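The structure appears below as structure tokens.
Should a chain be cited, it is by its letter among A, B and C, assigned in written order, with residues numbered from 1 in that chain.
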């Protein structure tokens, strides 16, 4: 008798738990950690407005986002490194239709560091950054760094480089920039979501890199701007192609995108690192949602299209609060039309 | 049973029971076969392309689709060996205490706690590793060892906090319970007369333990070490949280590195392209084979020892 | 007393004290772990932790309610896979099989037991996630269930074999068929041991993280049904611990305390059940 009672309670509990999940439409996405703060804000706000739709976005890195979207195990992906032609073809071959890129916001990869005693912004020249990440500039008081930071007391300590251990769009942006300003980097390491780093420690996601920097004295790494701000760690300026040391902020990132906005290609894949202009921040980038052009499930398709429309309008208003720059007007207009390509 | 017809045997409930339970038992075999099969076929591209070079190539570069297992095998082995160097003396010492010295009630109580230690999941060790051991390494242990011994290649390098030694320490804590509980059992199974003969000849407690009992049980103790090693090799979460995640081969204990299980956990969900994914699965296959061999050896050694002790002819 | 004997006695006492220290160190590690978790996790556990969903990145507050339920669902489903296979397979080994088949099954179970959990994760991904094109609770439960099988199988066999012959013979002498004997006499006699094994298997997989990384995926919301992704306690601990947010660290400690507390309670329960003795004396 007692055993029956226990069994009954168990089954009721099970039923209750299964019921606990509302009958909302669940849409799964995976990808970049670069925009995770704004995406998680967006999906939370969107769910408040549309209680029957749940966007479950997991920040697992752009590399995983591309792979999961290609395998079809998630409904959409996200990446700050646009898919290359080979990956696009891979998707096309597998699914018989294309995958589309939708820019969402503009962000910046900033050099952040943890040097005991230094709370201000250090100036970094392109050569200094390349040298640090190539492992050739090994101490903080190296002339390559000190030269641009006169008056700052840099310690004679080893630089501890921190990069990503997972496939990362942020890595793509950073290495894209380094490849443009350093031939040695381009030939030795190259640009990709995952590269053979000459030196340094690996952290998982923007989150992991930020965490490591916070805990490791004399470290330097590259993270999306909001991670440095939210965790109150200092980040430096980078000298742009116009010759000025620029700090990443809304204005400088928007300036970087200004040129590209006018010449935006149809598939929205474009690189804006080392953009021309006196005020542009050189390590800026768009970040994209990867959405299949053909979505079988009509409910999901309409939900995704609805979200994209919202994102281009109300969604943009949340960007600046989290230090992401809004998309240029021309890009927004182009994207609104492109949403119709999702069938 | 005689030659009853199949149907008549079927009507007898026993045959049905036998068939049903046999199906469940067979499922175990089938699932295991399927697992090995999947591992083998899903790594075929990588195996075909790299062959045995896979084991000796240092480069792991998705950019150029070049994959070599060497850094990860190195990391897996180094961290496991470091773990054993710490855990084996501690573990055997503790087992000797529990088996030879402690009164049975205390021995059982302590063993109870050791068994609980074995139940702590890997991610909890990782949690403690990240917040407690890594800072300790960076601020206390590294300077402590680097200052006096920094000239040796084992102790060089910047103070990351994460690295081979940190992972080794965390793994050591995780495998101690296995060494203790198995060694304790084999030590307890050594027949009384062995000890008593030694004591009767005038040896001290320690001498009878170290020179008579332990050698008698040494194959079983070796088995416990293999068991611990197999566990350490396959550990994923605790290692990936404290090893640094860089495929490096370095003599320095303080260098960051990577292990097979750790790189699979980090890169499997993002491996685009068949060769990349299959190379990771090939790594999984390597790990599986390593643990398979070690577990098998361990079992043989332990069984041999306990049977020897209880006088059963092997 | 000669100096030599004094020396040997000294060495003996010294070494034996050393071994005592080894035992002490090993056992204190457990209490250190518990201590840290209780200290760091205890101050972070609040009502919100158990009832709320995670907040967006960077915002403080929120909880792991969905992860707790997710883990419970995973374990329940894993048991549905692992326990019957292990239990009935164990019955087969102990009661019905010939030695050849038995050896094969035992060997397979031992092999399965030694497979590193990350490799089980790969297997579950290939076999469940890819074909169904979705991360799911089922995929995670499949991986965990596989890990439960060897433990339940071997233990069931062991405890059934431990039931004394005279019980079986008595039942058969009264005319019971073999399966009736098993169902009504042998299994109930061994049920304590079998229950212990199931509990221990549960405790073992409750903390597994690696296989869930590629199967259950993760969910910011309540997991729905069984074919969608789900959050789970171990994965949340991992994600939060390696993040830079202090609030997430706080929650990771709390989750660690809850998870370890649960596992230890199950373990203690299981071992107490077992130590209270098998229902009938061994012969």
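The working rule: a contact is a pair of C-beta atoms (placed from the backbone, for glycine too) under 8 Å apart; a residue touches a chain by one contact, two chains touch by 3 or more.
Only a predicted model underlies this, so the values are computations on that prediction, with no experimental measurement involved.
The chains that touch subunit B as well as subunit C are A.
When chain pairs are compared by contacting C-beta pairs, B-C ranks highest. Taking each chain's centre as the average of its CA atoms, subunit B and subunit C sit 17 Å apart.
With centres set at the average Cα position, the gap from subunit A to subunit C is 37 Å. Residue numbers of subunit C whose C-beta contacts span two or more other chains: 242.
For subunit B, residues that reach two or more other chains under the stated contact definition are 269. Subunit A has residues 30, 203-204 in contact with two or more other chains.
Interface residues of subunit C, counted against subunit A in their complex, comprise 55-58, 69, 72-73, 76, 129-130, 133-135, 217-225, 228-229, 239, 242-245. Considering their complex, residues 14, 17-18, 20-24, 26, 28, 30, 36-37, 40-41, 43-44, 47, 54, 56-59, 71-74, 203-205, 207-208, 210-211, 213-214, 226-227, 230-231, 322 of subunit A touch subunit C. Residue ranges of subunit C in contact with subunit B, taken from their complex: 8-9, 11-13, 15-16, 18-23, 25-27, 29-30, 33, 36-37, 40, 84-85, 87-89, 91-93, 95-97, 101, 104-105, 108-123, 125-127, 146, 149-150, 153, 177-180, 182, 203-204, 206-210, 213-214, 234, 237-238, 241-242, 249, 252-253, 256, 259-260, 263-264, 267-268, 271. By the touch criterion stated above, subunit B contacts subunit A in their complex at residues 59-63, 134-135, 138, 158, 160-162, 244-246, 256, 258, 266-267, 269-273. Partner subunit B is touched in their complex by these residues of subunit A: 30, 60-61, 63-68, 70, 87, 90, 158, 160, 165-167, 190, 192-197, 200-204, 212, 215-216, 218.
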